[in-house]
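Every chain is named by a letter (A, B, C and D) in the order it is written, and numbering of its residues begins at 1.
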Amino acid sequence: MTDWANILINAGLTALYLFLAICVGLLFMGIARKVTARIHNRVGPPIYQNFLDVGKLLAKKSNIKHNWIFDFAPLFALAGVLLALAYLPMGGYRLLSGDGDLILLLYILVIPALGFALGAGASANPNAGVGVMRALTLMLSYEMPFLLVLLSLMIYYNTASLTTLLEKQMHSVWAIDVLPISALAADIALQGMMMEKPFDIPIAPHEIASGPLVEFGGNYLGMLMLYSAGSIVVETSLFVDLFLGGGIVLNPAVYGILAYVVNYIVWFALIFVVWMIAIFINAVFPRFRIEQAFKFYWKWPTLIAALGLAQAYIMSVILGVSV
Amino acid sequence: MIHPVLLIAIPLFFAFLLPLISLWSKKSLPYVTTAVMGLNTIIAILVFLEAMKAPIFDIIGGFQPPLGIVLMVGPLGGFLAMIINTAALIISIYSMEMKKEPLLKYYMLTLLLLMGTNGMVLTGDIFNLFVFLEVTSIASYGLASYNKDLKGFEGALKYVILGSIGSTFVLIGIALIYSQLRTLNMLDIARRLGEMDPYTKIVAFASLFLGFGVEAEMFPLNTWVPETYDGAPHPVTAMFSSMSAKSGIFALARVIFTIFAFANYLWFVVIMGLLTVFFGEIVAYVQKDIKRMLAYSSIGQMGMIIMGLGIGTTIAVEGAFFQMFSHAMGKALLFIAAGYMIYAAQTEKMSEMKGIGRNPLIGIPLLIGILSIMGMPPFIGFYGKFYILMGGFSQGYYAIIALFLAASIVEIAYYARFIKIVFQPSTKNYPAPRSTVYVPLILFAIIIVLFGVYPQPVFEVLKHVAAFLAGGA
Amino acid sequence: MTPENPNPLPSIIPEKDWKKIQRMLSKRSLWMVHFCTGCGAMEMPPTMTSRYDMERFGIIPMATPRQADLLLVTGYVAVKTLKRIVRVYEQMQDPKYVIAFGSCPINGGIYWDSYNTIKRLDKYIPVDMYIAGCMPRPEAIMDAFLKLMKDIDEGRADGWLRYKKYYEKYKANQRRVFKRWDE
Amino acid sequence: MEIWSAFGIFVLVPLIGALLSYLARKYAVYLGLIFALVPAIALYPFYGKEMSTVVNIGVKLNLAFDVTTWFFMLMLDTVALASMLFATSYVRKGEGGFSTLMLLGLAGANGVLMARDFLTLYIFWEMMSWSAYILVLRSSGEYARRYMLFAVLSAYLLIMGIGIYYYYTGSFLYSAASGIPLSGWAWILLFLILGFAVKMAVFPLHVWAPYAYRSEQPFVAFLSGGLSKLGTFGIFMAMYSIAGVAILQGFGTFRSISLFGYPFAVLGAFTAFIGTILAIFQDDLRKLLAYSSIGQLGYVMVGLGLGTPLAVGGALFHAFNHAFFKAILFLGAGAVIYRTGKYRISELGGLGYRMPFTFLFVLFAIFALAGIPITSGFISKWMLYEAAIEKKFVLIAPLMLIASVGAFLYCFRILYGVFLGQLDKEHENVKEAPAPMLAAMALLMLPLLIFAIFPGWILKWINEILTGANIGTLKYDTYAYYSSIGGADMLVFWITFMLLFMISMYLFTRKRKVTKVVDQYDNYLAGETPPYVQLHAAHNFYKPLRDTWAPLLRYSVDRAYEKFVKFFIEGFEEIKKMYTENPQDYAAYLGIAFLIFLLVGWWLL
């Protein structure tokens, strides 16, 4: 009896968290538009504008598709991003039991992108192909520093588990305090991961007609918008979990339900800050060409990340610091 | 009791009987020759089986050794005689392709060649060895220039020059030995070697080594090989490579192991073998004519055998004898196939033989032959090569083996190139092979596969290598 | 033949309210694709940027007609251009609206006697809103947007329905000016 | 007697099949299928059996059967079966060569797996090599020589290793390894590993692979999926079975990793990286897959080099996965080539709409290759990463991780270039691949799916192998697997993924929703209507990336080899001049030789 109740409560909580996460993502998109507008000295749309946009897209009266592979995009994209959210601790609350393995998470993050790329490819539009090519090249670019950063964390904390990472940060200090260099590299990598300027070449609307999205409209586009809302939360939250202790300020073992509420709020504030940094950069920068982006990422952020890795290596292996 | 002397007597007798037969029927010459060789093969097999039980010492003319002439047939000698006669038999089938007159002389010379090589393998007397060497050489000279074209003459002439120098050295070596020991019987020489003046001994050894080295295609005495092989008629080339070269190398082995048990000279033999392999394979790589390529490859293979002899451990010499067997079969096959290809493509250039092997009657035996020569299991070429190499390792010749393997890769390279040309699709039409061509090919291929898959009988023979190394028959 | 987007929760939302919600959503989130044919393209940047800022109303430019609800034809329409306009219009997804800029799409404007320019756009595709003037200033454009939003809300902007209803007639008109479809 | 049945089924049956299918050419493909089926099915009762025997054919063949042999046979025989099944449609009827050589190769491979002495190993190894060589020769004759040279190089490296082993032990038996000094072990292992690494196409010995993999695709599936695993088997055997962990540790350790294994792990990581980068830039489908093969086997090499239980287990698991997914990919490429006759990615496109099942199988294989967690391909990669990370190797881990990111790039190139994008007018009427081809791919897909849900099943076998070799044990249960620093549970993953997938399915396909399906030419091109122009953007797909890499891509191992060979051939020409064809020179050689013989003789006195 209590088992079933537990499962139901957990499922309900999970659904709530996932729903909240998507909402937060949509809200963030609206905030981003507002902030960008203010930077441009405009008024900008209301911050709930993206809810309206998604609603409109889902309420469109006709949709087109090219073939059955086209459907992969919304299905895989949304399912994948929800899966990633379910594996990611948000405000210290992790939805799925298990070890919360970072490498598993990394590969889960690929599922939506791959589904999206498949759908885009199936649209038979050359712009989509070019867009996906750029997105993948960009991925190869930013993953270089990002993987080095992950490695430095995994070496320093001697774990590949996000849960353990959060616990260790909770009991000592946030990772950004001990590994600031890595955090810097991670933030630069995050800019590319979120495809914000100057790394928005894959979806450059003026050049390749929004790239992979070119043939998506109506329902399809609506689903993909939900996906991108989710992925904003995933990416910012990943950074917060890695470097900012996942927003955990109160130990849930001590404070109980209060801790969850407080942590959620702190987590929200932190991902908001991370998102704002990205948006400020986005608002003022022009766009890198893809080969420039590649060269940039494999040069400076990689160097920084390598320095961070060296620091982690020295501290962990040579000095024998164990957290 | 089969007398090994029959192996020598029968070819000799029929060689001189052939003119009479030709008076009766010229067409029957090839069949008679083949029949003689078949008879010889049967006798060789019987002799071999006899020799497996105990070495045969056949005394000719009733004089007891060490004074009299003696045939000394150990298991290995018998084995080699069997190989030579079998190869001769199969090649004689191919000889029926020969159309060029004077056929009578051709068949006479062939029989004499067989007699000479048989004698070289079987004799237990060092002077007889020289005599048979001369018989072999003279028959070879005749056969080499048989085509009566410029190439044939040139090749034969070079062979004559180098061969006679070699024979002279052999004679000098024998004379030196005789001058000191007053005996010509090999076992006797071996027993009393200690009595010799060391310096004379060295000169005698060097002379014999050089003399038989010419026949065994050892570097740098093998310069006659490519041109002679190239100029000679195709069946003759096959005979040279599977008969005279084998008898030469067996004579060399006898010089090294039976006559002079020189343990400290062996490393030098290894180096000579390595050089032979190296130069043979490397020069073969840059050849464009098929027969020349095969001739140089033959040099390489002989070098490998010399190496095996030089390494001198049981396992290596086992390998060397196995290699003699596989080389006799494989190279004869390849030379016969090459003969057909030159005939079919009207040229010796390998580059113009595209797609010639796509006829399975030629292609499959050819492939088997090449794989065997490359040393691929489960063909007979593998065991010889592997055992020689392992023998080398057991003596610690790492660097030499490594160099040898490098040369071997060159060999693989040119054979693979050859395979590629021969099997690539082509629109050219080639005349279909006659049965006189594909029957020998298939026979050789069957021997190669059979003893490759089940080498037990050969290894049974090679158990006697240890005794041979100890100076026995 | 019109694919209607069904009410996802018919038991909770009455059909009438659902339609209203749909219209409200369409009104507040007009994504446009501007087909810059004539001089009207010049008027778009000020409308978008900080002076007038049409994003206030949720109107943003989109890169492809698949994503867009609103087609702006900003000037005279040559026959060659019309073919592209029709194709873009047909690639948009329902509900979709058209705004035509300036005098030229209304009556040909200064091109009224040109051999190669069409005189009235709404013979070929349904136009929901015309903006008169040569050229209309951004204020006029903003006004048109607001009017269109109002029309949508009240269900009067039904060009896409008309195009479906009179599809054959529109096609016949189009066919009259195009000789071939594949040039 | 039991081992005789094993020897009979796994070696003799294919050999007999080879002979029969050569004789009965008309039914060769079906005979081949039947004779490949026998060992593949007979394998199951043999699980967990241990036995050994000696077969005397003049040389003694020491054969044995244990769980390692069984595990590798499972991949090889299954892949061979699928390839033969595929070949029933692919190969021209009435052609005996293909089945004969495939079965010879299979017999050789099984023999290698059962061999317990080096002579046997070498015999079967070479048998496998030359039959593969002739198969390569059959279709890509141009490059067969390259394959042969490297196969022989591999064999000769093995000979060096075997010979040194023989020098120390005087025996070819694996079990005779005792009393070999550490320096001896170093040389033996070095040569053996290099020899086997050629088969695994480890950098810089990989240059044969892109050319050999252009031959008939069912054979290439066996070559890449099956035969390359013999390299893995050999290295595993040499390092952990013949030498053993104690000797490897004897070389000194670096964070408890043998100093001898570590360089090979680094080499493997470089191979993974280089293979991946080169695969990204290939336009030839088969060449792309070949470089991908090189890269993936680099991962295996990393695992074998590191030598922790997790690493070796990961390597074996990855080898297993690679056997299956790479075979599917090559068979899929084969199906495409069979239907269209084209193999350049830029000339294909849109075939996924015409060949949906082929597309799905290839897609699944690509999931496995890229390591998407819905296949077992993820688990093996995960094990390898965690093995490197838990020992804090900051060189190996990033190289492996970035290589796997690069794998997404070339995976998408296959998917987009061949199956998505615009369908060429020419391929308008392309039909789905024939049923045997699909069945072959489906057969290979099963294990990838099953072991993604139940990784514990395969980890149990791997654990047995690891325990047998005294490497250690893995931590796992039926659904989950753990390292010292993390772990993952596939059951939770699958349930959540399925639920969420259904939720998005529901959101997406509500009742009565109507969606119009449009033609591929009806897409947005700024209003343009270019129906007759091929608009498939697959030509030179990663051009920007390629431009960035151009300065580095100038250095090619391939060309280095060519230069090396050219240098030697020029030298050969010089050496040839020794044969002057002048009898006077020749006579002089004789004189000089005699002098040398005398001098050496005197010196030796």
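In this section, a residue touches a chain if its C-beta (ideal position, glycine included) is under 8 Å from a C-beta of that chain, and two chains touch if they have at least 3 such contacts.
In this text the structure is predicted, and so the values were computed from the model without any measurement.
> Where the centre of all protein Cα atoms falls, which chain's Cα centre is nearest to that point?
Looking at where each chain's C-alpha mean falls, the closest to the middle is D.
> Determine, using the mean of C-alpha atoms as each chain's centre, which chain is farthest from subunit A.
B
> Would you kindly tell me how far, in whole Å, the mean C-alpha position of subunit D lies from that of subunit C?
Centre-to-centre distance between subunit C and subunit D: 58 Å.
> Using the average of all C-alpha atoms in each chain as its centre, how far is it in Å between subunit A and subunit D?
Roughly 36 Å separates the two chain centres.
> From the C-alpha centre of subunit A to that of subunit B, how far is it in Å?
77
> Subunit C: which residues touch two or more other chains?
3-5, 64, 66
> Residues of subunit A that contact two or more other chains, please.
Where subunit A meets two or more other chains at a single residue, that happens at 62-64, 209, 214-215.
> Which residue numbers or ranges of subunit D touch two or more of the other chains?
Residue numbers touching two or more other chains: 513-516, 522-524, 526.
> Let me make sure I understand the interfaces: which chain pairs count as touching?
Pairs of chains that touch one another: A-C, A-D, B-D, C-D.
> Can you list the subunit D residues touching subunit C in their complex?
Interface residues on subunit D, with respect to subunit C: 510-516, 522-524, 526-529, 531-532.
> Along subunit C, where are the residues that touch subunit D in the complex?
Subunit C residues touching subunit D: 3-6, 8, 35, 64-66, 83-85, 87-88, 91, 181-183.
> So in the complex, the part of subunit A that touches subunit C is made up of which residues?
Answer in residue numbers: 33, 37, 40-45, 49, 52-53, 55-56, 59-64, 205-206, 209-210, 213-218, 221.
> Along subunit B, where are the residues that touch subunit D in the complex?
Subunit B residues touching subunit D: 157-158, 161-162, 165-166, 169, 198-199, 202-203, 205-207, 209-210, 213-214, 220-221, 223-224, 226-227, 264-265, 268, 279, 282-283, 285-286, 367, 371, 374, 376-378, 382-383, 386, 389-390, 392-394, 396, 398, 401-402, 405, 408-410, 412-413, 416-417, 419-420, 423-424, 453-460.
> If you look only at subunit D, which of its residues touch subunit B in the complex?
Within the complex, subunit D contacts subunit B at residues 56-59, 119, 122-124, 126-127, 129-130, 133-134, 137, 141-142, 144-145, 148-149, 152-153, 156, 159-160, 162-164, 166-167, 170, 569, 572-573, 575-576, 578-579, 581, 583, 585-587, 589-590, 592-594, 597-598, 600-602, 604-605.
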